[in-house]
Amino acid sequence: MASEEPQDNGQKLDLGRFEVRTDLAREAHDMAVEQRRDGSAIPGVQMDEQKENGITTSWIRIEDRQGAEELGKEPGIYLTLEVPDLRSQDSRLQKRVSNHFADQFQQFLAEVGIGLNDSVLIVGLGNRNVTADALGPFVVKDLMVTRHLFQLMPEQVETGYRPVSAVAPGVMGLTGMETSEIIFGIVEKTQPDAVIAIDALASRALNRVNTTIQVADNGINPGSGVGNNRKGINRETLGIPVIAVGIPTVVDAATIAYDTVDFVLAHLNRQMTQTAPTNPLDPLDRASVKELRAQNVSPEASEKFLGIVGTLNSQEKRSLINEVLNPLGQNLIVTPKEVDSFIGDMAKVVADGLNCALHEAVTPENVSTHSS
Amino acid sequence: MASEEPQDNGQKLDLGRFEVRTDLAREAHDMAVEQRRDGSAIPGVQMDEQKENGITTSWIRIEDRQGAEELGKEPGIYLTLEVPDLRSQDSRLQKRVSNHFADQFQQFLAEVGIGLNDSVLIVGLGNRNVTADALGPFVVKDLMVTRHLFQLMPEQVETGYRPVSAVAPGVMGLTGMETSEIIFGIVEKTQPDAVIAIDALASRALNRVNTTIQVADNGINPGSGVGNNRKGINRETLGIPVIAVGIPTVVDAATIAYDTVDFVLAHLNRQMTQTAPTNPLDPLDRASVKELRAQNVSPEASEKFLGIVGTLNSQEKRSLINEVLNPLGQNLIVTPKEVDSFIGDMAKVVADGLNCALHEAVTPENVSTHSS
Amino acid sequence: MASEEPQDNGQKLDLGRFEVRTDLAREAHDMAVEQRRDGSAIPGVQMDEQKENGITTSWIRIEDRQGAEELGKEPGIYLTLEVPDLRSQDSRLQKRVSNHFADQFQQFLAEVGIGLNDSVLIVGLGNRNVTADALGPFVVKDLMVTRHLFQLMPEQVETGYRPVSAVAPGVMGLTGMETSEIIFGIVEKTQPDAVIAIDALASRALNRVNTTIQVADNGINPGSGVGNNRKGINRETLGIPVIAVGIPTVVDAATIAYDTVDFVLAHLNRQMTQTAPTNPLDPLDRASVKELRAQNVSPEASEKFLGIVGTLNSQEKRSLINEVLNPLGQNLIVTPKEVDSFIGDMAKVVADGLNCALHEAVTPENVSTHSS
Amino acid sequence: MASEEPQDNGQKLDLGRFEVRTDLAREAHDMAVEQRRDGSAIPGVQMDEQKENGITTSWIRIEDRQGAEELGKEPGIYLTLEVPDLRSQDSRLQKRVSNHFADQFQQFLAEVGIGLNDSVLIVGLGNRNVTADALGPFVVKDLMVTRHLFQLMPEQVETGYRPVSAVAPGVMGLTGMETSEIIFGIVEKTQPDAVIAIDALASRALNRVNTTIQVADNGINPGSGVGNNRKGINRETLGIPVIAVGIPTVVDAATIAYDTVDFVLAHLNRQMTQTAPTNPLDPLDRASVKELRAQNVSPEASEKFLGIVGTLNSQEKRSLINEVLNPLGQNLIVTPKEVDSFIGDMAKVVADGLNCALHEAVTPENVSTHSS
């Protein structure tokens, strides 16, 4: 989350920042498809999805401005892993996800044009003292860094490794500096061929928290406050590829409430119209989840089930909920109470995956002996 | 929270346990008064409230079975401090709350009949590895324990201290033992005159999380599962007074959603009927908060605003929300993302307060030099 | 170390306590053999040693009073693993040691008469806030506890598990209670068939710190102060077998100095008398290490190399060093600066080993998926 | 300690680094004076010492090359606080030291020419995962940073504050980058007027560990390996003043042994020659401590007391001890076992002191409400 606000406590600012970064490309894509109602593909957007062993892997390529506008996301490549069971703390599943992430990430590097021996700087964004925001620093702690060996004793570095450096720069509230100032300075002095930035994200949906990993090739844009002139950390500003790896770890209370109203409406509609899916609901079965979305409910049914509230559109409903919750001090950003182990587990999944993907000599079998 | 379930991950069981222990006496009292609509006092219940310097202090005495039934709480004395600004991480306010808590807790000890020199065992319930559940262990860490000095070198103990011992027994998922088994064993061997148990609670309202402290004289009742034959930790089972100090630290997603629907309904009603309170809303102003409760909304208005959902009673609405969220994996127990600092701050408030309240020689001025 | 002193800071008391518990049986045995000079076996003591893959495993059985007196150790069975490279943070070696420890510990359980289905309470002694003393609490955190499952849902427990419970009771300075009071209380209430106590030890030799694991069947004797009437935690006091697992984690500065003087003397003697062993010195090669011991040096050589100091016997040399260091505040208890990772690694080795040894269904292959 | 070695475990390299940086100016000065035997002042060196309330404060100014050579330290200003009781964990003393440090540091800033409103970047060197090396990162965590407020909302910053930024860059083993590369990059981008670097040091004497604070104006020189071309972090390389704040937190085992031999020799000499000081020894009384130094012992006495070892000079004795300990794996870097609380306490002393010294509006009375 890489809090870039002057005041870490500023709920308001936090929300502002989160709103901008809330949407995962995968969510944006599904919503855009639903909007179309006719199920037709979105021009300028390629989408490829595979489901295996409880992991849904999707590659979304937003190829032009039209696609970008319809999705509300920048053009670029988005890789998303969705693993609903990842919160069950099953270490075998975590290992499987880690390996799969390594494979997919390696493909991603190739697509983005990062070579096998290109040097990489990994930036762990976020605040290590706020566990829900500590994914980046935790990942950095477990990375296998090698750049100094290439610098100081190149002849002794075995083949199968590339130069990797890593830093957890901290958040502005603790450093007094914009994260981008620190990163720009370090990149200038150490000249990596690419940057990988790890960050905790805010999600629109509680069920995405700690179950989804998104990889994107268009960098990081910390902060979105009024009059914000902060430079993003991306290929334009740094001159080298910047890959962002993000995992949703928090959700705001208003979103929980909004989504529930949405779900309730769709649920009632489904019951009334006898279109119930084959039970039990499979959270990975998009067909059934889609039925739970309110978009499919007719305006008449919506009003019947939810009265005046049912006549509001999405934006109006969200505004109403914020209007009600904010003055009561109820609109907090929340995280599952198991945040300590969830973040620890996800950091290990990502760190092991990166170690395998970046160094040919590191494999799923020996990765645990490599992480420091 | 002192998780007593075989499986710490068991969302279901957790919820079960939390439902039983969710209500603070203060909340139960306010709801009972609202139910009465005529604002009349509840027979068998004494309620005394003071508001000063941003701290609302209330003493509720449930004196007989009738009062107990109407409130749904056991007979006993309940002291509640409510400090809406406590989450603002203002260390001066924390110090003031700590001192006020010490004063009130001293009165509480006197009321319950615990003498100035009576020995006390303080039990920090909860799981230190789950920050949201670690209030008890964190408090224990900062307590000033003295019993061993009285045992080993009584002549060297200065006046103004009493024998205090402390233990953080851990949770059943980590110990394999019921917390009560551990406490019963320790009490039998060390023979304290009273027990004080510290625990994190689940709240019905997000705005209570880390802003409310409840002290009660009727012990702790960990777990409420089916066929649960666990003994409570209370005066009946231990033969000595057992005081419970609880702070809400978590809330379940369904409650957030339910409350929001409730607030939205009351908000719309208020807007339509022009009964808006003097703005801005003061979260400590119960008159204005009460207006936000749905109970005051007429059935007709309720249906108008919320359609079929508006015709459901409280229990039906809760069931509907649980029915919708559970299969989607959305119904998590959540905590504010700032949980690390919130719990740390509250633990210090309680520990400093207990140190001052239990030892005459410890004062707000010197307390920070006493905690270990 | 399970500090049982009223004052955790009391260097003096600490030292007193450590002196009593300093000696590992293996060290005591080697010194006794050296004393004999003729290399003859010690009556009443059986010693069996195996060296494999960098791990030296020894079983010492002190069978009667004569043996006990010559070694200065209680009668009983002592299993010792010595792994000089364990500090190198090689995770593959750690895994191997963990597996070997599991095998040996299983044999130890059988020797002591603890059956495959006997229930076990594991006690993690020490202070979790002092990393060098936190081995016990850290091990407890990673144990696989099952007793509550046997109690609450016995029909659902798969075969291959036994009832295991665990507790980290804390130290007297933090609880105000003697550790034995807490353990006696818990044992009485939960009735385990055996107790396993984990503790950090003080060592006489810096090279033993975090490289040696000792298992003994005669319990734990916390504290040894003047007028100490504390009950030990052992078969006599509890009525069930008590196994102690100890790892040296600290050493006092005077011991470092004393040993160095000793080594210097032997080193000079060796150089002068041309009895140098085949280089390089192998720390696992007792023959060569023995040569470095001062005991083999003639009184004349000793005086030649070290002057008046060389004429002092062991006890006199120790006294002199303590006499010099104590008033200078130089005689601290120290630990390697890498204490954080050393203790973490050793705790994992022991926890994984215990999980495998206690539950038939847990194997080296699946152990990492079992620890919580 | 800011480990700059490729391998954090590399004992050898560590020692190399520590040897260079071991000596505190205060130690170097005392040794140089002792060397002179006649007690005469050292040309080119000014030394001013005050002792009050258990705190010895000394200012040493090395003004030219001659003084620098005689002391073996770079020309510059060295401020040293020595507080033998600081390890007693007395929070009142800590507060007093913190306040005194603030006063002295303010003078130091003035001497070095850093103005009241000059912006400052504080660099916390060291490895936060190795507690003995985590002083820098721990201090950074408690600093009051303000630069971002000056940048983003200058009109809202109250008077009495200056722009302060802070960063804990990590160690080369974890980042793959030289610390100086990171600092140079950040300084270039954020343009502070001065840098303050906080670091844990190695000491020659166990009694200095966590009792001494040194402030110097000639920067930091991380690493000293063979062929080391690392740039120091100092006024020459950065173009702005660089102040180093160092606290000894570790000592190597050979030094403990060497010092003990030294002390034993002086102790015996003192006893034999009846020059015992008035007992008890006061560790702050340099006259008495000096008597304990071996330098005063005549060669004849030295040989009498320590035989052949007594005939060796300092360097030969050190070599002998290293020669003996290294092959035995005994020569570890060690730290007091209470390292967790010692480092935590010292970090608070330094952070509170810096907050008071850098911001006029922060005073000893309100400092605890300012640190984050």
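When the chains are written out, they are named A, B, C and D in that same order, and each has its own residue count from 1.
In this section, a contact is a pair of C-beta atoms (placed from the backbone, for glycine too) under 8 Å apart; a residue touches a chain by one contact, two chains touch by 3 or more.
For each chain, UniProt lists the protein as follows: A, B, C, D = Germination protease.
Just so it is clear, the model here is predicted, and its values are computed rather than measured.
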Relative to chain D, largest Cα-centroid distance belongs to chain B
Between A-C and A-B, which chain pair is linked by the larger number of C-beta contacts?
A-B
So which pair out of A-D, C-D or B-D basically repeats B-C, with more than half the contacts the same?
A-D
What's the distance between the Cα centroids of chain A and chain B, rounded to whole Å?
35
How many angstrom lie between the CA centroids of chain A and chain D, rounded to a whole number?
44
Computed distance of Cα centres, chain C from chain A, in Å:
47
Going by residue number, chain D touches two or more other chains at 129
With touch defined as at the start, can you tell me which chain A residues reach chain C in the complex?
90-92, 368-369
Using the touch definition up top, name the residues of chain B that touch chain A in the complex.
9, 84, 88-89, 129-133, 205-207, 209, 249-251, 253-254, 256-257, 259-261, 263-264, 267-268, 280-281, 283, 289, 292, 303-310, 320-321, 323-325, 327-330, 332-341
Help me check something: in the complex, which residues belonging to chain D touch chain A?
6, 129, 140-141, 145-149, 152-153, 163-170, 172-178, 181-182, 184-190, 372
